[in-house]
Amino acid sequence: MTFEANPQGKQVCVVVGVGPGNGAALARRYAREGYAVALLARSTETTEPLAVELGDARAYACDVTDAASVERAFEAIGRELGPAHALVYNAGSGTWGTVEEIAPALLEGAFRVNTLGLLLTAQKVIPQMKAQGGGSIVVIGSTASRRGVARTAAFAPAKAAQKSLAESMARHLWPQRIHVALIIVDGVVDLPRSRAFMKDKPDDFFISPDAVAETAFRLSTQPPSAWSFEVEARPFGETW
Amino acid sequence: MTFEANPQGKQVCVVVGVGPGNGAALARRYAREGYAVALLARSTETTEPLAVELGDARAYACDVTDAASVERAFEAIGRELGPAHALVYNAGSGTWGTVEEIAPALLEGAFRVNTLGLLLTAQKVIPQMKAQGGGSIVVIGSTASRRGVARTAAFAPAKAAQKSLAESMARHLWPQRIHVALIIVDGVVDLPRSRAFMKDKPDDFFISPDAVAETAFRLSTQPPSAWSFEVEARPFGETW
Amino acid sequence: MTFEANPQGKQVCVVVGVGPGNGAALARRYAREGYAVALLARSTETTEPLAVELGDARAYACDVTDAASVERAFEAIGRELGPAHALVYNAGSGTWGTVEEIAPALLEGAFRVNTLGLLLTAQKVIPQMKAQGGGSIVVIGSTASRRGVARTAAFAPAKAAQKSLAESMARHLWPQRIHVALIIVDGVVDLPRSRAFMKDKPDDFFISPDAVAETAFRLSTQPPSAWSFEVEARPFGETW
Amino acid sequence: MTFEANPQGKQVCVVVGVGPGNGAALARRYAREGYAVALLARSTETTEPLAVELGDARAYACDVTDAASVERAFEAIGRELGPAHALVYNAGSGTWGTVEEIAPALLEGAFRVNTLGLLLTAQKVIPQMKAQGGGSIVVIGSTASRRGVARTAAFAPAKAAQKSLAESMARHLWPQRIHVALIIVDGVVDLPRSRAFMKDKPDDFFISPDAVAETAFRLSTQPPSAWSFEVEARPFGETW
C-alpha cells in the first residue's frame, strides 16, 4: 500500500498543535529522523510552508476540541500519509487568572484543548498503533499539572486532567507496547512573544524548543525495557 | 435582615450534591451543629423530605453544570436562607472505562460535574464569604485525583482537575480567611448500591458517610492557625 | 493491675520530644482528655514541672537515638503508667545548609533523631497496642518531608525518611487497628525563639502549638471508617 | 597535567557501586562514549577485571559509608584519573521487612549506604565539577523513594532520604551547571540472582541494565536548556 504524501512508506508522526515554538521543533526533529509528519493546527497558514520545507509532510486544519474536525483530519492523514506510529500532543492553552477572575468558559475551553483533544486524537491512533504492534504518544504537559497556584485557576485544572488522562492511558497501553509519556515543561519556552515580554532575560533563561523536541524524540525511541512516563524539561537556572 | 427559611439567622451551609450517601450525612452533620442548610440536587424528590426532617433547611433543584441553573439556585438560597458561610461540594460522578472504551462525552460530562460545577458554585459563595470575613469550602474528592489508572480514563482526569482547582482556590482564598479543603475519599462509601455489589464484604470494609461528614465538619471549624488542605478518608482495612 | 503513676488506670499517651512548643501543648491536650501522659525529653529539667502540673503524668529522660535509653524509658513507662495507647512522635531537628555546607554528621544526626528514633519507640509500643486491640501513632512531620530545597540538605532527607517510615508503618498497622498518621507542619511554630527571630510578624503568622495538638488529638480519635494518614497544619496566610 | 591511568586526558566518570548489574553496564556505557571510568565497590575482586576490559579505567575499593575510605578512594582517583566530570551513584541495598520485623541497624545501614554515601561522594566531586564549569551527578534510585509499603520499612525510608537529598542538591547545583538527576528504577533488574528467584518470568519482564545505563548517559548529556530531575526506568509490562 502506498500513500501519496509518503511515497517511501516512512513511519508516520502526527504532531498536534503546531505553532512557531515546540510544535515546529517537534516536526523538524521527527522529520530529520526519517518520519513522515502530519502537522495539525487550527489553520494551515503557517503549517503549509513548514510542510513544504520538511518534504514528506503535510498540513491539516484541525480543531482538536471538535470530534468531527478530528475525524476529518485523521481520515485524511490515514489516506495521504498512512497509519500513525507516533503522536505528539502539543495543543494547549495558558490563560491566567484566579478563581475570582476567570470566566467559566475559560476553564472549560482549557479543558477541551488540553484534555478532550488528547482523548479524541489518541482514540484515532491507538487502533493504528496496535495494528502495527506498538507506537508512542508523547504529551507536552506543564508544571501546572502538578499543582494549582492562585493565578492558574483555569490552566492548572486542564493540565492536571491532561496528566491524569495520560497516566491512565499509559497504564492501559504500555503492556500493548504503546509508550505514553508526558513532558513536564517547567519554564518559559523561547518564542518571539516570550522574548517580547521578558526582554531583560539572558538566552539561557529560556527553554529551547529544540531541547523539548529532543526529549520527546528520545521518549519515542526508548527501549521498552526501561520506559519513562513523566520527564521534566526545565532550564538549569529555573527556580523550582 | 431576616430570611423566611432561616428565621433565627443561623449560619448557612450549602451542600451541593445531596443523594442518600455523603450528601445526606453532610446535611445532617451541619444541621446538628446549628447551621441552616441548603440541599442541592438535580431534583428535589429526595431532598424535600430531608429538608422537612432537618427543620431550618430547604431543597433546591440545581444542575451544577448549567450556569443559569446555578444562578437561579443561589439567588433563591440567598433570598430564603441568607448568604453562605460554608459550601460543601459533593457533586461527582464515577464512570469506569479505559481510554479505548470511554465515549468523549463521558470525559467531558465528568469534568463538568466535578470541576466546572465547583467553579460555578464557588464563584457564587466567595463574595458572600468575603463580606462575612471568612468561610469554608470543602470539596469531596477521591483518590482518583491523585492518579489515573487504566479504567479511570474518564473519572480520574475530572477528579484531578477538581483537586487542582481546589488547590488554586486554596492558595488564593486562604489569606482571605476562606478555608478551602479537599477530602480524598479512598474506599467504597456505604450505600445501598455499594452493598448490593459487594455482599460479601464486612461492615467495616465501607466508609461511613457519617465519618466523611465528621471530617468535613472538622475542616470547616479548624482554627486558622493550622489549616489542612488535603485530608484522606480511608477505612482502616483499605489497601493503598 | 494498677500503676503507681496512673492509679485510675487511664489510657496512656507517650509524647516523645517535649519542649516548650508542640510537645508541651500535645501533653496538655491528651491530659485534658483523660490520658495519663509520659513526657520524654533528653533531660527532665522542664518536663518534671510539667508532669507535676498535669497530674497523672511522669517525666522520663530519653535519648531517642540510643536503643538502650529507649529501652529503659519504655520499661519505666510500662511499669509506672502502663502500656501505651497513643504515641505522639515530636522529636526532630532542623539544621540548615546546602550540600556544600553540611557536615555529614549533621545529616546522620538528623536521620537518627527523626527516623531511627521513630522506629525505636514505635517498636516498643506496637506490641502493647496490638494487645489492647488498637492504638494510634501520630508523627509530627514537616513540609520538608515533601521536598528538598537547597538549604535543607540535612533536614529534608531526615524528614522524607521519617514520612516514608510512617507510611510503611501505616500500611502495615492500620489493618491491625493501629492508626499511624503524619502531621505536615508547614509554617513557623509559635515559640519564644521563633518570635525572637521574627519580631515583625503578626500573631497570626505563627502556627499555634495548641492547634497542632488539636490536630493530633483528632487523629488519635478518628473513627476507623475514615482514617487520614497525612494532614497539613498550615497557617491561613502561609505561602505554599 | 597528565594522569597515569588516563593518559589521553579523557573526561572522568566515577561509578559508585559496581556489581554485575547496573554498575557494570553504567561503566561500559560511559567508557564506550570516551570517558575514563573509576569503578568503586567494596572490594576490587570483580572490578579489577572490568577495569582491564574497559581500558582507561581503574578499580577502587571503597566503603561509601566510611568517610575515611571515601577520602582515600577519591584522593587516588584524582591522582590517577583526574577530576570527575560525572558521578553515577549506584550504591544501594534492599532489605525487606515490616516495622515489626526489621532490626534498627538495618534501617540505619540502608540510610548510610543510600544517602550518607551519596553525600560523602558528592562532596568530593562538587568542587571538581565547579572548577571545570559543570558536571553531572546521576543517582540510581527506586520507586521505593516515592512511597513506603508494609514490607519496605527499612528500604523505603533510605530511598526517600536519598531522593530528598538529590532534590536538595539539584536545586542548589543546577544553577552552577551541575546536573543532578535521579532515575526511579521501577521493576526487577535483570541479574543472575533475580532470574534465579523468578524463573517463570519472560525476558521482557526484567529491566535491562543497559537500558538503565542508557538513561543515565542521556541525563549526563542533556542540553541545559531542558534538564530533567526525576526519570523513571520501568519495563513496559510493569504494573504501577
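A, B, C and D label the chains in the order they appear, each numbered from 1.
Note that a contact is a pair of C-beta atoms (placed from the backbone, for glycine too) under 8 Å apart; a residue touches a chain by one contact, two chains touch by 3 or more.
All figures in this text were calculated on a predicted structure; none of them were measured in a lab.
Farthest from subunit A, judged by the mean position of CA atoms in each chain, is C.
Subunit A and subunit B have Cα centroids separated by 34 Å.
Distance between chain centres (mean CA atoms), subunit B to subunit D: 47 Å.
Taking the mean of the C-alpha atoms as each chain's centre, subunit B and subunit C sit 33 Å apart. For subunit C, the set of residues that touch two or more other chains comprises 171. Here, these are the chain pairs in contact: A-B, A-D, B-C, C-D. On the subunit B side of its complex with subunit C, the touching residues are 171, 174-175, 177, 179, 190, 204, 206-208, 210-212, 214-215, 218, 222-240. The touching residues of subunit B, when paired with subunit A in their complex, are 67, 98-100, 102, 104, 107-108, 111-112, 115-116, 119-120, 122-123, 126, 144-145, 147-153, 156-169, 171-173.
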